[in-house]
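Shared between the two complexes below is chain A, which has chain B as its partner in the first and chain C in the second.
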Partner chain A sequence: MFSRKRWKEAGTAYTLLSPTLFVLLLFVIGPILFAIYLSFHKVQLLGTASFQFVGFDNFTRILDDTRAKIALWNTVKYVVIVVPTQTMLALVLAATLNAGLKGEKFFRIVYFLPTLTSSAVLTLIFMWMYNQNGLVNHVLEFFGLPTYNWLGDPSVALNAIMIMNIWSTAPFFMVIYLAALQDIPDSLYEAAELDGANAWHKFWYVTVPYLKPVTSFVVIMGLIGTFQLFDQSYIFSGGSGGPNNATLTVVLLIYQYAFKSLGTMGYAAALAFALAIVILLATWLQRKFSKEESLY
Partner chain B sequence: MMNKKTWFAIGMSTMLFGSVLAGCGGEEKTAKNENKGETKEEQVEVTLAGWGGNPMEQKLLKQTLDEFEKKYPNIKVKHEVISDQYMDVIKTRLIGGEGPDVFYLDAFEAPAMIETGVLEPLDDYVTDDFDIDDFEKPLLDAFKGPDGKIYGFPKDYSTLALFYNKKMFAEAGLDVPKTWDELREAAKKLTKGTEVYGFGVAPELARLYYIAESKGGKVVTDNKASFADPKVVEALQPIVDMRLKDKSAAQPNEVGAGWGGEMFGQQKAAMVIEGNWAIPFLQETFPNTEFGTAEVPTIDGKKGTMAYTVAYVMNKDSQKKEAAWKLISFLTGKEGMKIWTSKGFALPTRKSIASELGYDKDELRAALVAGAPYATVWQNGTNLPIIMNNFNNQFVSAFLGEQPLDEALKKAQDIANKEIEAK
Partner chain C sequence: MRLGKALLYTILVLYAIVTMIPFLWALSSSFKTLEEIVSGSISFIPKDFTLDNYKQIFIEQELFPRWFMNSVIIAVTVTMLNLIFNSMAGYALARLHFRGKQTIFMIILAVLMIPAQVTMIPNYLILKQLGWLNSYQGMIVPAMINATFIFMMRQFFINFPKELEEAAALDGLSRIGTFFRIVLPLARPALAAQAIFVFMGSWNDFMRPLIILSDPNLFTLPLGLNSFKGQYISYWNYIMAASMVFTLPVLVIYAFFNRYFIKGISFTGGK
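Up next is the complex of A and B:
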């Protein structure tokens, strides 16, 4: 079917692609396949490495694992609160920064700064502010509001991480929204004005619908990012997921099983695989829900 | 956040590349030494891995290693400091076949590591000279495998003692408590609202183990959790009551401190139960906090405390076992241990060294040394990490008053045992 010339062209193309393909196979495809392989085995890597095929045992074990349930519950709670909040906040920030205020550029930079900070540094700084005698409690006290033991009280520890993450990720999505906002033709707003729309109407009936594909993208990226919450809760709890499992997330649990306890690498891989399916489902649901067929 | 995989790939390749470079460097050095022709024997380089300590400790170790190299000129020690996530790094390196020849191992992690068979049994290397009976027995036993072989020699240890603030005690006109009942009463008197707590508690199994077992209950039975035993609950209840009923105890993060020593140093707790490590910390960071130490108060007339110990162990896959043993035997031998423990950052595990250095008469360290004979070594089977994790999680919630202690411990025990059974 293919002529010699086309074969030759394809050959050249693949030769040129080979470095990338090699890296992809070695570092992306390979590990994924190996993780799937691991998830069906009982693995002991230390000493004499052993791989014992156990079928679906690792997966059925998840159903019976109380800590896995707690981790999933914490993660879902985190996703359900953080994703909508950061999306809305990003949209509002973008809209205000696109309204033609004075000093707009300056504020764009200021708002974007948190995103540039490494999450580890950010967490350490926030832990310092969340300290019992820290800034956050002083501010709350000043306004006569109740203070909390943000780091040690199981009922508020996860909220502390939520606040921190919304603050640091919203600006990133704000930039995406800003770019999309520049694309909305002025004629739409003019037409709306002629129809007697006020600022709110314009925002709700023109801006929001026009940004729907971007919102869809932002929500999917947000879902994936929040389901993978790890570094913040790891630093926050020193790797334990405490106090009282309050900051235990699925990825943190995977880490604990993979590296903290010996011989549970297979189970950790099964958990990781299950998490991938959960994210896939959530993304699929989101797309069904928003009925957005275009673009992403 | 977005490109974790890419970063991971870059990280991995850098590491691989780095190790290639490191490999080259090592060979070069040995080659140079050979050229100089310093010794007739073949030059060997032994890798020693451990976690970092404070600057003084690092200096002491350096001094000890220098002595070793002087004594064995053909052996060069390459000291590697793993500053964070020590066990993760060691395990990964052992799996990859890149493990160090000699490394630190905490007694807490020892049973699981011995079980995997990555450690070299050391019995065959031991000579009479080494004087194995000189070691404190419970500390040495911590590194014995189920086969009765010794897999490591303890380099030092620390016990827990009661640290009390001298000024606060003088102001309140109190004597140093000898029993837990006295401690509880003293804590009430020393508490000043939420400014100063009488007693700073670390709500962790590692610190509470001996208290938990003080009424005859067992925390671990047959390598499974058994701390929901009413006797264990009864033993731990006073700690919870001190916080919830007396309001005379708190954990460090409730006053904005990172750990007990800091809480005590900031004068937010009049008493804490800490180890050897707190002494230099307090002297350096909080020179204005005058403190004394005493043996941990007795429970029902019985003495109790914890002992934490770390050993030097040998990698089974090491290519330089002879040299590695020489290093271990020097470091844990009389000569090396004397240098290493000479400043009192850690206590010597050899009885002869302990009496030679006179720590049993030291004002601050006597209480810690006195604890050694009756201390519970922080170790119990291969499943202790799982048991500890679940205990800590639920105990904190009981300590904060979210649920009654017996329910919390029952829940923690069930989860821990389920996890153990699934293994």
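Up next is the complex of A and C:
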């Protein structure tokens, strides 16, 4: 009787899990194994598909590939600038919003607009603003600052995407900070006040340390998101990664090798694994770093 | 203290302006004539206010309504399937005892760590083999579950009061019957937050449709917009009008469900 009940419960569980297991097997676990296989083969899809074993060639090829180096360099530059900036901006905005001012709700709704809008629409709006004769240059001119050919000049095109994405992602992380800020007990601030702390001291010595776990989460999410930059560079450059490879990111390069050129799908799979390892390494470093810091 | 408050308000207002300007600029451009667009005017108020752009985009590109429908069909189906399937999986993992539970849970956690680029290429080949490229099912089936939300639903059901289910069992309801009739209706707040995120993710997705769909009749809005931009590259009045039309539905949804948004984010935010 007991074991029949257990069997029945297991049956129910697997019935409830069946759609999940189906998708996991067919579109996640299967593909991961398939991707490993692909990364060791030269893939030809034209006519009858052929898979030719090439050992580690696809991986060693990465080291000789100039475009891969450019893409990695662009992506790393992007990550190193965007992640800290958006995290700080999110924290400052959240702390300001949480100060108990009137109209908090209104500001929260306004700030959240970019998060709601699709990357395609946002990129198009910014391309229009970055136009040579566009709004951004007019504003810069007004303040007597130099103007740029944002879309066409290789030295600034990636910066244009950075500015846009900091602007559009920071509010999302702000909301995460906001929720955590509301959990900080008032007694901590009161104690600090008794010790003669001013507003800046309270922010720096109470708020920031208290939010450390949330910051860690925000940074990891930021790392994962920024390493996978694709939509914006694709739309910005019409899929080429131009001008002069300035907006070429690792994911865009993977896309190009996989779907836009012949016979390089296996190589693209190898690049995808390399990217996965880079992301894993970055999040691992972040964790290690923030843990060691908290020992002090 | 008063000075401090003024400073805080200044920060808030300045950033609100920074946030609003791109949207207001896009909105105002969508009411301008091509002449004014080309002239490089930076007035936020159109010189000759016109609604022509909104009419014209549907004439120039008759596929726009089609793209809109494709986006709606895909996003709504993906959202509904996710709600049901993620909850089912989350409930099984939270409440039922069975062999293999730990393994399945660990796999779901591991899936969260794997970047989509690794599976994107093999998925393309698998969908191609199935004949699902350029089809709704190719867009829907691989996206009908989501590891993040399975995890979230599991957390939700772990804290769910057991007494209700026990009462339902005494009344002779089966485990699956209890789940669909008692548990799921009470999970509404968690479902609402999830619905918004899944819908937005699907509605705004660019990469998956870019890979799976090549037939313009099946394009979703982001893809359609991108190809429209390719055709009408200097007609920014059209492009902005189209962008505005397709941002509207999400804004309407946000206006109605805005409190679930905040809840949902703090829920996924590592709690």
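One rule holds for everything that comes next: the second predicted complex is superposed on the first by the 282 of 296 C-alpha atoms of A that agree within 3 Å, B and C clash if a C-alpha of one lies under 4 Å from a C-alpha of the other, contacts with A are read in each partner's own complex, and residues count from 1 in each chain.
One rule holds in what follows: a residue touches a chain if its C-beta (ideal position, glycine included) is under 8 Å from a C-beta of that chain, and two chains touch if they have at least 3 such contacts.
Treat the numbers as computed from the prediction; the structure is a model and nothing was measured.
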Once the shared chain is lined up, is A:Ala71 touching chain B (first), chain C (second), both, or neither of them?
neither
With the two structures laid over each other on chain A, which partner does A:Leu97 touch: chain B (first), chain C (second), both, or neither?
-> second
Under the stated touch criterion, which partner chain does A:Gln228 make contact with: chain B (first), chain C (second), both, or neither? both
_For A:Asp153 in the superposed arrangement: first (chain B), second (chain C), both or neither?_
first
| said: On the A-aligned overlay, A:Ile176 touches which partner chain: chain B = first, chain C = second, or both, or neither? | reply: second
Discussion item. Just to be sure I read the superposition right, which of the two partners does A:Leu262 touch: chain B = first, chain C = second, or both, or neither?
Written reply: first
Contact-wise, after the overlay, does A:Leu253 reach chain B, chain C, both or neither (first, second, both, neither)? neither
### Message
Quick check on the superposed pair: does A:Asn244 touch chain B, chain C, both, or neither? Answer first, second, both or neither.
### Response
first
The chain contacting more residues of chain A, comparing chain B with chain C, is C
Margin query: Tell me the contact category for A:Ile163 with respect to chain B and chain C: first, second, both or neither.
Written below: neither
Residue overlap on chain A between the chain B interface and the chain C interface 23, 27-28, 119, 131, 133-134, 228, 259
The chain A residues in contact with chain B across the complex are 23, 27-28, 44-49, 61, 64-67, 119, 131-134, 149, 151-155, 169, 221, 225, 228, 240-245, 256, 259-264, 267
Note: in the complex, chain A contacts chain C through residues 6, 9-10, 12-17, 19-21, 23-24, 26-32, 34-35, 38, 92-93, 96-97, 99, 101, 103, 107-114, 116-122, 124-126, 128-129, 131, 133-135, 138-139, 167, 171-172, 175-176, 178-180, 199, 213-214, 217, 224, 227-228, 230-231, 234-235, 238, 251, 254-255, 258-259, 265, 268-269, 272-273, 275-276, 279-280
In the complex, the residues of chain C that touch chain A are 4-5, 8-9, 11-12, 15-16, 18-23, 25-26, 29, 40, 42, 81, 85-86, 88-89, 91-93, 96-99, 101, 104, 107-108, 111, 113-126, 141-142, 144-145, 150, 174-176, 179, 200, 203-204, 206-207, 210-211, 221-223, 225-226, 229-230, 236, 239-240, 243, 246-247, 250-251, 254, 258, 261-262, 265-266, 269-271
Residue set of chain B touching chain A in the complex reads 1-2, 4-5, 8-9, 12, 88, 91-92, 94-95, 112-113, 115-118, 251, 253-256, 382, 385-386, 389, 392-394, 396-397, 400, 402, 414-415, 418-419, 422-423
